[in-house]
Amino acid sequence: VLRNVKDVHATAPERGGLRLRSVGLSGIRKPLSIRRPDRVHELAATIRVGVDLPADRKGSDLSRNAEILAEVIDRTVQEPAESLESACSSIARELLSRHPSATQATVDAEATYFLRRGVSADRRSFEDFLLRAEARSFRASDGSLRLERSVGAEVVGMTTCPCAMETTRTLLEAQYPMLSDPGLKGMPMITHNQRNRTSLLFAFGEHGEVEADSIIAAIEAAQSSPTFAILKREDEGRVVTDAHRRPKFVEDVLRDLLASLPVRFPEIPDDVRIRASTVSEESIHKYNVEASHETTMGDLRRSHPS
Amino acid sequence: VLRNVKDVHATAPERGGLRLRSVGLSGIRKPLSIRRPDRVHELAATIRVGVDLPADRKGSDLSRNAEILAEVIDRTVQEPAESLESACSSIARELLSRHPSATQATVDAEATYFLRRGVSADRRSFEDFLLRAEARSFRASDGSLRLERSVGAEVVGMTTCPCAMETTRTLLEAQYPMLSDPGLKGMPMITHNQRNRTSLLFAFGEHGEVEADSIIAAIEAAQSSPTFAILKREDEGRVVTDAHRRPKFVEDVLRDLLASLPVRFPEIPDDVRIRASTVSEESIHKYNVEASHETTMGDLRRSHPS
Amino acid sequence: VLRNVKDVHATAPERGGLRLRSVGLSGIRKPLSIRRPDRVHELAATIRVGVDLPADRKGSDLSRNAEILAEVIDRTVQEPAESLESACSSIARELLSRHPSATQATVDAEATYFLRRGVSADRRSFEDFLLRAEARSFRASDGSLRLERSVGAEVVGMTTCPCAMETTRTLLEAQYPMLSDPGLKGMPMITHNQRNRTSLLFAFGEHGEVEADSIIAAIEAAQSSPTFAILKREDEGRVVTDAHRRPKFVEDVLRDLLASLPVRFPEIPDDVRIRASTVSEESIHKYNVEASHETTMGDLRRSHPS
Amino acid sequence: VLRNVKDVHATAPERGGLRLRSVGLSGIRKPLSIRRPDRVHELAATIRVGVDLPADRKGSDLSRNAEILAEVIDRTVQEPAESLESACSSIARELLSRHPSATQATVDAEATYFLRRGVSADRRSFEDFLLRAEARSFRASDGSLRLERSVGAEVVGMTTCPCAMETTRTLLEAQYPMLSDPGLKGMPMITHNQRNRTSLLFAFGEHGEVEADSIIAAIEAAQSSPTFAILKREDEGRVVTDAHRRPKFVEDVLRDLLASLPVRFPEIPDDVRIRASTVSEESIHKYNVEASHETTMGDLRRSHPS
């Protein structure tokens, strides 16, 4: 029936002259299975894909994007992928292959990810984290492809404010003079504490790898304390006490996280770019407090020589 | 041109026999001006309206709803309404008037609302709250109308956990024996504290009024502490200390709020229904803790005789 | 260390006299594996649980809730549950067992759910749906338990407006008189069409079952058309044409869905309660149009005798 | 009391060496009054502010940010600002003034904005749009300040797909041969159409202005049709017909919008940067289709010589 239908996408646009940076799909939800050390995880991933569009073409053929996603992702339910990032990379490569007039493709994905965690072995249960991955593919004028990949995670933990802790000590000393006794020196004081959301993303070129679980561990170590689903009374007391022994501004969370990367990831090359951000949903304000930074592994190594 | 177009809404539905409970519009955004003691507030309200639909009619004439909203709400920009609730009531009445085959109409609205607040007179700035209002109109078989109206608010404040405070005291006493000294008895101890979101709604019949600002004040008084935009160092210390002197579970916030209503609102009749709920975005967990209750002013008076 | 710590939850509340309706946790994210005809699905479920709290007890022991979730849900990763609903039922039962002073427990859960779908066998790919389940357990005065369970789904599809189709025909006939020719009678005309989101929930007592996939199929059949991830040009044309041949108001979607239930689910008892709602994200308005209804299978059978 | 309290923010960080790019507040809600041609609008703005933090300082003094917001924004309720953007600029300047060790400050704000619109003069009512503004201030080594400002808007309208329109014509011609008659040539055919969300942002240096209402008008003109709150039956038919006479891919919306800017804004200098993006919430898919571009006014003028 449809032999004579015009391919509208391939016609010239009425307003020519503009190569558009990105045309694609967003809000795509797919089940994506990845093989992890512990087991196969089935993620409910949210994905965005796009390619650039040459000036002489009215439309990008978007049904190809949906087909690529079906081929690359749907099949992981039978044959798990290595990681969220490896699936993004396959899609980014395939996008350039099936959009011959495009010169770059981008793929972003995120998914809730569960790991068993606990204050002790008998308190373990699944905690939720957010995995993030991006892949960008570029076609050079000689037809060769280059790939950039990002891998990251977002972790919810806890921060306790170091500033209010100093102030409350002074305020309470006025009422309880015994507080100034050397025997109580260093005892953690009351302060405000809150839910903190910290994310870290590594942007690689062709080479380099990083394990999502290690990113999550690095973030948890930089917060005042990780948080847990199961806390019996004594556990709760210990988490609170530990968090108050490591009071941190968002500035501290970010700096401690960044400073830890050269030690935790000695194998990651200097040219790998790092994006980190952290948000504390303040208990004493209706608004949030946040900090963000961008740098490279090389710069971090120079700032924090071991 | 359109004289001969069929009124599709007025035709009989293919699948008859069902009077639908509610057909209407949602996600409508409108500027709504209300006259308050301090000044005229222009709210950016989000509104939902609906009426029931008789079994013999295919469609509700929804463009009438949009016209009513334009007439009632749009004109408040020139001539402010008394309250969000009075605007909802006018709409609910008008819905039944212009949907002659409907027997009940519902209107829900919510809007961010700003009040100047501060720990002290020179620290005042605008804090954001959420106003809520509902109106339901009913047409009796004799054609008379009855109106039910709800007025409420949601307030973000702070809770500090009373349980962890006991545990940390015990844990810290093991390390700092001096803590058990009677001179430190009653000193607030470290605990987890977090953002708390509490809402309260009064459902009136034809009669009765309540001031939104009083609802907000009642909620703030029931939390461990209100929260503030501007807190210089000493203010912050005082807010933290005050909050730790009033540690509260969500259960306590809810009960203290409900118990305060007979005293705060002596003029509200016994048959007024009360809905209250509270959510603490726990700092030590990735999930929230919440409590909710429904009752009447009469039951509250019987439970908490003054 | 903690032998002497007071159990704060078990103390009497300062403001007694109120049995609170519900105290619990919300926003809990867990991986939940269910065994389906096609394969084991791992869902990323969002869960809320709560129990009532007697008047003489200050706090509900919420760490028990987290333990129950860990025991019931976490283990499904090894040993898949039968359904989202069966997991909710197990949790609701266990909540009453470990909260001996509670008389009712509620569990709500929802999760994205993927099914392979397509306009034809070679266009199949994963489409996303939303599963919903609820369980309520009640303890009678003789100690016996009663359970109520709800099972439902939300499906995104498409609606085309039947009213605008009549109007555009009349408007275009003025310009194209040939349109009135009998040879074009019944040809679908242009109208506005949009994303529609419809949900259906069955509330059972102790007995009765319904398959989530059948709920999804019932909803898809009631919309103007299902929607698909992969549509090549001809497929797209057919989906658009089919949808324009079944123009539907939200009122029609709701009535057609409800009318289909007695035929599709002959085995579901008369006392099962039905909640259905539908929202069209209008393309010609910035707001949504919606309809909702509540009824029982018995009432539907009486309204639509077969 | 607090004379002896340590200023924790001013101490050296434990992990030195890193100047953080941005530390600040987000999710701040404030009432902001702006004077517009038609009337004073009170916006409920959502604001984010941040400054960089030198390597030798532990914390940014965030209470200063809250004070600046209170001073600049809260007072607009008495004395309206010129625009959302002018308020952002004042804040950005003040941030550098009160954070003497910072070298750059950023302010982002957005707010719902209402304009009276209608298909005709007697159908006018308030339609909601989104205003966006950003300001960046930079301190040079000689102490001088430089300011960059962005002004933009997001508009919800409608798109109709040009590709499906070709396909459905061919499909329907098979059933209605009369459709091929030259007398029906050019008649708009059925296709899928949907809610479209398009945004446009101009980034100025020190000089240049643009009226938010003109940005909104430019976006509305680039969509297949604007959308309206009030549409009586004939209006609805006309909006649908007009939209089907201007079928557009997201690619077309973006290109038409960008191509219109040199004509609509002849006074805007060549070095002004332009960011534009558009999302169609597809009626035939569960996912969205989107396009985005970044360019300068100068490049647009070269691509589209008048």
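Which chain is which? They are A, B, C and D, in the order written, and residues in each are numbered from 1.
One rule holds in what follows: a contact is a pair of C-beta atoms (placed from the backbone, for glycine too) under 8 Å apart; a residue touches a chain by one contact, two chains touch by 3 or more.
In this text the structure is predicted, and so the values were computed from the model without any measurement.
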{"item": "Between B-C and B-D, the pair with more C-beta contacts", "value": "B-C"}
{"item": "Remotest chain, chain C as reference, centres from CA atoms", "value": "D"}
{"item": "Inter-centroid spacing, chain D versus chain C (mean Cα positions, whole Å)", "value": "35"}
{"item": "For chain B paired with chain D, centre-to-centre distance based on mean C-alpha positions, whole Å", "value": "30"}
{"item": "Euclidean distance of C-alpha centroids - chain B vs chain C, Å", "value": "26"}
{"item": "Residue list for chain B, restricted to those that touch at least two other chains", "value": "1-2, 5, 28-29, 66, 128, 163, 167, 170-171, 229, 231, 233-234, 236-237, 285-287"}
{"item": "Overall pattern in which the protein chains touch one another (line/ring/star/complete/other)", "value": "complete"}
{"item": "For the chain B and chain C complex, residues of the former touching the latter", "value": "1-2, 4-6, 8-9, 13-15, 17-18, 20-29, 48, 50, 53, 58-60, 62, 66, 162-163, 166-167, 170-171, 174, 249-252, 254-256, 258-259, 279, 285-295, 303-304"}
{"item": "Contact footprint of chain C on chain A as seen in their complex", "value": "1-2, 5, 7, 28-31, 39, 41-44, 63, 66-67, 69-70, 73-74, 77, 111-112, 114, 116, 124-126, 128, 229-234, 236-237"}
{"item": "Residue ranges of chain A touching chain B (in the complex, touch as defined)", "value": "127-128, 156, 158, 161, 163-164, 167-168, 170-172, 175-179, 181, 183-184, 187-195, 225, 227-229, 231, 233-234, 236-241, 243-244, 281-287"}
